[in-house]
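In what comes next, subunit A is part of two complexes: it sits with subunit B in the first one and with subunit C in the second one.
Right after this comes the complex of A and B.
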């Protein structure tokens, strides 16, 4: 009986696999080809892997082990197809998009940036018209509307400050990047979440730019991780199955990393990803 | 904060970035994702908790540094 196939990455059909590469269930990773593309897959004996930390790292480790072999696109974690024939069908179905993405992104890397701030506290009284006796004289409805207006203005002021900060950061970093995705204020504490797509050769300059930026903003906390496979930049399917992150553009760049840690999973030292995470 | 603490913290935060990429992004092949929405929600709940814990660690570090500075100053 044909086994279900877990798919790790999309490759060029000529790309060879590292010898002995094993995926989930300790199964050998092999390719399924369709025209100029190939999918790196392994048979699943025990059902789809659960989204645990260990399994996520294993997925990532396989993708990273494939990338030195040639251009590769990371497939979303949890991708399982019925059998090898279904994998070939899936390649055929999105062939043009996948081939274009492989050419555009296959040898690129991405970095993730999260910037935390202490949200500025904007006094409501300063933003809301009227105060003191005038406030007392107002009815309940008027006071409610005043409160709403003050909250709206506080929110608008915070977004404006966040936008200005994000533009400053992005202005320094994006000069080293091919593309970027930025989300402003995904949470009140997280002022910017961004992903930058880089040529591998630009990574040192990008990291230098980041370090300089961090030094210039001791009031912020920066979390930079990478290099990652370019997960965030692949073309979503038509009809959009991506998360609905609003994507706003800004730009930035700096220089010189300081407390950099190599990070990986101890149990998967061979292929395991070593991500640099800078905490300030 | 010791180096080992920093490494643990960095690895966990990096895991969050991995979740953000490998679960929420990456190539999608026709109708095949097997992770339930509830699984993803759980991952993101964990992410928020961890971010909060990272912030708390930072606050504790600042508090400790202040305490040490005060002790040094006061003899």
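Right after this comes the complex of A and C.
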């Protein structure tokens, strides 16, 4: 009976694998080819691996072992297809997109940036019309609506300040980057969450710019992680991926193959920040 | 970390993982637990279990599943998500009209009472079906999340 296949990365078909490379279940990693592309895979005997710290690192170690061999496109953790034939079908189905992504991203690296702030407190009295004693004198309906209006204005003011801050940070960092993905206020305390795509040669300059930003903003808390394979910049399959502002991470079901167009966009660094915190 | 080292992972694996990851982190590492908290989806944070879980059910997924065992609950979730979206749109429109000064005091009072009752009714229905605010933020695929700004 054919085994399910765990997929680690997409390579050029000429790329050779490091000798003795073993993946999940200690199975040998091999390639499934389609035209000029190849997928690095290994058979799974015990179902899809759970997103534990050890498994995330094993996936990451395989991807990183492949990258020195030639351009490699990272595949999202937990991508499992029914068999080798399904892997070939997946390559064929998204061939043009994957080939273009491999050429664009194959030798690039990604850094993840997260910035915490203490959300500015905007006094409601200044923003709510008819506030204070006047508000008390109003009917229940008017009080409700004006309280909502004050909250709405506070949020708008906060977003405006967050936007200005994000533009300032991005202005310093993006000059060293090829592309970036930025989300403003994914939570009230996380003012910016961003991913930057870099040429490996620009990493030192990018890290220097980050260090300067930290010194310039002692009121903020910064977390930079990387370098990682460029998970966040792989083109997502149409209709098969949650949006960039999604609040939930997709995880593969433990025993079911994922959709065959499931080639990564989730952030490895965010997965690992959470797992790392659980370990400490 | 080499693959050989990964293959040899044993009881000390967690330690190795932590050490390797630390080399790729810079910034305010003392605030790592705060970052981890903010990066964890609200529904997955400690102490944020779904109310349905308290009733012995399974946590509500981000998508509607056509499962015969949960179809009634999933349908309620879909309907409530749409009502909540409309309620928020109505409320924003009302706030803009208040801001613009185009409503008299009587109109503001009536509109406010209507929206307040609608919010209270929604809270009742969410409690009945064991749903929380984030459960109504449905994933619309490439369109993003239903309640996204």
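Simple rule for what comes next: the second predicted complex is superposed on the first by the 237 of 280 C-alpha atoms of A that agree within 3 Å, B and C clash if a C-alpha of one lies under 4 Å from a C-alpha of the other, contacts with A are read in each partner's own complex, and residues count from 1 in each chain.
By definition in this document, contacts are C-beta pairs under 8 Å (C-beta built on N, C-alpha and C of every residue); 3 or more make two chains touch, one makes a residue touch a chain.
What you see is a predicted model, and the numbers here were worked out from it, not measured in a lab.
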Partner chain in contact with A:61 - subunit B first, subunit C second, else both or neither: second
First, second, both or neither for A:217, with subunit B first and subunit C second: neither
Contacts of A:75 with subunit B and subunit C, given as first, second, both or neither: first
Which superposed partner A:148 touches (first subunit B, second subunit C, both, neither): second
Touched partner set for A:22, first subunit B, second subunit C, both or neither: second
Contacts of A:225 with subunit B and subunit C, given as first, second, both or neither: both
Touching partner for A:116 - first (subunit B), second (subunit C), both, neither: both
First, second, both or neither for A:51, with subunit B first and subunit C second: first
Partner chain(s) touched by A:161 [first = subunit B, second = subunit C, both, neither]: neither
Contact residues of subunit A, present in both the subunit B and the subunit C interface: 53, 57, 114, 116, 187, 189-190, 221, 223, 225, 228, 241-243, 273, 275, 277, 279
Residue ranges of subunit A touching subunit B (in the complex, touch as defined): 7, 9-10, 39, 48, 50-51, 53, 56-57, 59-60, 73-81, 87, 89-91, 93-94, 98, 101, 110, 112, 114, 116, 187, 189-190, 221, 223, 225, 228-229, 231-232, 234, 236-237, 241-243, 259, 261, 263-265, 273, 275, 277, 279
Touching residues on subunit A, where the partner in the complex is subunit C: 18, 20-22, 26, 53-54, 57-58, 61-62, 65, 114, 116, 129, 138-146, 148-149, 152, 159, 186-187, 189-190, 193, 207, 210-211, 214, 221-228, 238-249, 269-270, 272-280
Residue ranges of subunit C touching subunit A (in the complex, touch as defined): 1-7, 9, 13-14, 17-18, 20-22, 24-29, 31-36, 38-43, 62, 91-92, 94-95, 98-99, 105, 108-116, 134, 137, 139, 141-145, 148-149
Partner subunit A, residues of subunit B touching it in the complex: 6-7, 9-11, 13-15, 17-30, 32-35, 39-40, 43, 48, 51, 54-55, 58
